[in-house]
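To start, I am sharing the structure in question, which I have written as structure tokens.
Naming follows writing order (A, B, C and D), and every chain is counted from residue 1.
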């Protein structure tokens, strides 16, 4: 059962800045890009990188992720040896179980799981980002440099660097300093929250971190600084390519819109397939009056109306005369005749009633009042108007950001 | 617990399907934008709770082997039971080359498999019909009638009489006669789906093999009509058979009718197929696409109308595709025009080429052609 | 995803009466009968009965069971729809998770899991018993009688009936009374702890039971009596065949010895295979001086000594001159040259040193001092004597019963 | 990450294995009590971290198909990659019947599969050798030498010279010559395991197919020895080949030597095979069993000595089995005596029958015989 490198995917995030969208599911389970959920990206990256053992650490709404991941078959992770395992917080004998205290504590609580595979290296991932990355190249760099920890970094525009955790490195890309959201950043190398640790080292630091009552038990805040402080060999691994955090309504909308552009993530590349679990539905149908421009449409859809600059997941119905623009319609959404959906995110299974209006283009509203409209599920009554920036939950109630 | 076992006959290739079955059997013919014909009956069996299914193959089955794989996509990958591919095992061909002469000969070729069947009843079906058939209801009717054999049949004629079997039914459903290749007013066309007990099946195969009889229709349904209690189960829903290219074209175009799609793909009885992990289909800024069925992974920047597009079809800006069936990977370059064309997998049509068939005589293009 | 009937397997038992054997694993994971673990019996029964969805409720040492069960492939339970799922106690948002309060509470806590499959019926199983049973026949009886609950019962000798939960039934086998360990039993139908419930009914009673502060949240003590009291239709389903509880050292030893007899459980019956997960090892080897009588031996063993009336799991080594009698040697045990093991259970991976003596036949000891000797793992030093009824743990320390 | 792809040749049947390959290829010959020969190389590939493996088959492969199934038992069942069975796809046989003439012809028969290989290096190996070979070390040597092709070979001769290939090696391992069917003092016998890059493989197959060359040994290793950098990798561990029945018998008996079992079945490189869920083997009160290798699921109530018993063998009380190899399901009834016998699957020997072969000429009994 020995594995050289296993991955631990932190999927416990509640995603509270996604409001109604994460009310009924964990953030990594959010539908994305027409066919996927966010967790499909790190999972597919693992398989494509030759990492066949993944622990998925859940806590918020674990059942949904559990049933999405199933036995791992959709990602070719249904293995006898290794494969994908859901790891909810563990209730130990005689004591109450609690949610993970921080990212490092989540790994600490699952040390027994890791030890089963006796790995040399552990890859720590999060379920918050959309990107394609060959972790085996990062692992090669880690091994070559004999690092204790390798952190994947992205060059960000200098002016935005103070929003990130910034790595200051020497000419060999070895990190000598880590600054969380520095006011005067010395470099533009931002941490992507992807770490490879030499397991024996990490183990040691996790135990020490857990023993430290003042620690928040977080990788970025505690473990990485502790390792740097102790003079461990820490490598920055430069990543270039599409990488997007989808933690807010706006960034989720943005990232979906990016999928309409052919020079962001190439999802057609057969050497790096992004796997997903989706029901088999027949091809989508475009009706006699359908108008579809600059959009992506998925199996099982029935389009009789207008769809422009939008992302439609499987089994979406757009009835005759309905108009959908600059919007994201998650699986099973129905837009009834004459309804207009613009600059909106509509959650799984929602029904937009005839003649209703969800969202509006930015020009029509004062900039400070404008934003993406969100329907969190359920039915929007015929004729109802949901203004820009407004969110409604499954019961149709407005939710304040 | 459902007590049926499935046997699918996937060994034959309809010769009038010409180019379309050059490298495959009819059962692995692509249909409806993303399926192979065998997906329909296989999914019917899975949806009816049938746990173990044997697929009888003979020649030219590499394409089928590749499609079915381990059976995972139909949730049929098992250590014990599940999907089993049955190439001719003990079959020595009676010194003949070529496929089996009939179902009974095919069954006798896999006799040792039949003996190991764990269920009490067996469904025999062809792998080349598009239908969404609730087999558990057929079994129920079979049990209610205490029938020896129940045959699924339809009042609507669907196939060419010369290539079909017809039953004469009493009002209670009992089959009084079976005619092969000859339609008479009022008779029911067989859909080639039969339910019978395992023990009867073994007896029939044994007996017929000993008497050099090979046709289930003639040697069992017709010849034994006096000694066996034969019942018909009437199916009046949609069912499509494919005996020639024109058939294939017509049945494909029927799918543009929403009622037919509804019958064939009803959500609670999903038709499963192999998953290729394609992304969604992208429509370009100037694309136009009406009354068409479009699979995932396509890139549509030109015009499509009244067409069926399989996965990964590319229609470049300025290309026009009307009344066509384009299989997986067809690439229509800018300015090309296609009407009434069936393009097999991975056909490329260069810029500006014009290909026009006729509704009654669609142009069929072989796999991989570059035009 | 609708399933007519799903199974919930209560595998959380700590098995404290198995002492050192359950120190490092849950009771259902205890090796049994040469190739199996106890949980293999209910799991295989499920698959053979056509039940393809099983929730395994764990709490004690969940990781071991988790890694034993893996993706369910060994039992043909690696399914897209359904399959086997490990369900540890769930830590809900903002509250601490606790171990299951009782058997009924364990099901209550996992109602969301059950509801995913929208079942008509739920089969409740425990991981404590060794038997072969076609649950589909029990389900047929349940459906035919339109019962709210069907309880599988076994006829026990009248004189032992007061040790069991006894069902008093009418001529249709409908239960009118349930008595837990009655002093004067009115019938000899003992509950086997196997229940089929109509889910809608069970759901209702579970919610009521949870709301009842005085309830112990146990099926036998609370839910069944409540249903009987309310006049629900409760059916006794008579089972005949081999059935054995393996909850104590003695019953575990007994049940293993039963496997040597050909008229207990027929494990060769190909129509009802008992599946197990075991590593592929080469056939076992019997040496030039091997003497083997009335024993079962498994792949990977190397037998050079004497083995009589014993059950040997995979990869056991019995060296030249060593003697094993009336004993159970779990996977990977080594009995060194000249050691004698009699009337003993030796746990996975133990090494019995040269010339050591574990256990003794009953005749040599006063009856009250005699019992099965147990080695809980680790090494027994050469020459050491472990008397009958004595248990030693992995470190060689004696453990008091 | 390991960057190798495996190709197993499983199409040939050694004709001198006679009855043992009547219904199977040599690769699916049962060996060592529970394995098929292909299990060894397949497990070597899995143990070396090879994720994708293609098995080239041609005829008589039903037994292999049945054994390998979906590849689950080797943890190779995947949507993408994993184990792929490759019957002759595009291969039209150049108008000939019968198997492939050589490895290159076999490879050219699955050319479209080769093109899709995702890894940079390819291991070619036969499916009919029992060996526990660390292929990742062979790859390392291949990379260290910057070789074009690395061939695994041994100093110990193992096969019949007429059916084997021999390499002449320089002290640094470079291969200077290849002789087919002719052993010279000091030359190394090929184990028919080669590592080369995918791109070179495609070039070679292309070139040789265009020149009607089919033998990897003659047309590549021998003919191209000047233009390619060929290296030998010496393997001095155990390896067994099976060219005739006597070979099979001798190699089987060798397994009674614990050192050989240790080499072939070392625990950290486990040999996997199909799991049949057999219970443990039961020994009766009066049984006797020495120096034997015994699989699960047997029932031993008589005597066995110096024998290999496959799963589900029954030796009734009073029966005696000495120096035998009894395959799965052999039943030896009470009082029967067997010496120097190889019984194929499901042979029954009735009470009191006596079957005695000789060490140098063991009696081989065909599958299913009743004596």
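One rule holds in what follows: a contact is a pair of C-beta atoms (placed from the backbone, for glycine too) under 8 Å apart; a residue touches a chain by one contact, two chains touch by 3 or more.
Labels paired with UniProt names: A, B, C, D = Glucose-1-phosphate adenylyltransferase.
Values in this document were obtained by computation on a predicted structure and should not be read as measured data.
Among the remaining chains, the Cα-based centre furthest from that of chain B is the centre of C. Across A-D and A-B, the chain pair carrying more C-beta contacts is A-B. If you average the Cα atoms of chain A and of chain D, the two centres end up 47 Å apart. Between chain A and chain B, the centres computed from C-alpha atoms are 40 Å apart. Under the contact definition stated at the top, the residues of chain B that touch 2 or more other chains are 72-73, 77, 79-80, 275, 277.
Among all residues of chain A, those that touch two or more other chains are 73-74, 78-80, 273, 275. Listing the residues of chain D that touch chain C in their complex gives 32-34, 72-73, 256, 258, 261, 264-265, 270-273, 275, 277-297, 308-310, 312.
The residues of chain A lying in touch with chain B in their complex are 33-35, 73-74, 260, 262, 267-268, 273-276, 279-299, 302, 307, 311-312.
By the touch criterion stated above, chain D contacts chain A in their complex at residues 1-2, 51, 72, 75, 77-82, 118. Contact residues of chain A toward chain C in the complex are 14, 59-60, 62-63, 66-67, 70-73, 78-80, 83, 85, 88-91, 93, 96-99, 112-113, 116. On chain C, the positions that touch chain B within their shared complex are 49-50, 73-74, 76, 78-81, 136, 139, 271, 273, 275.
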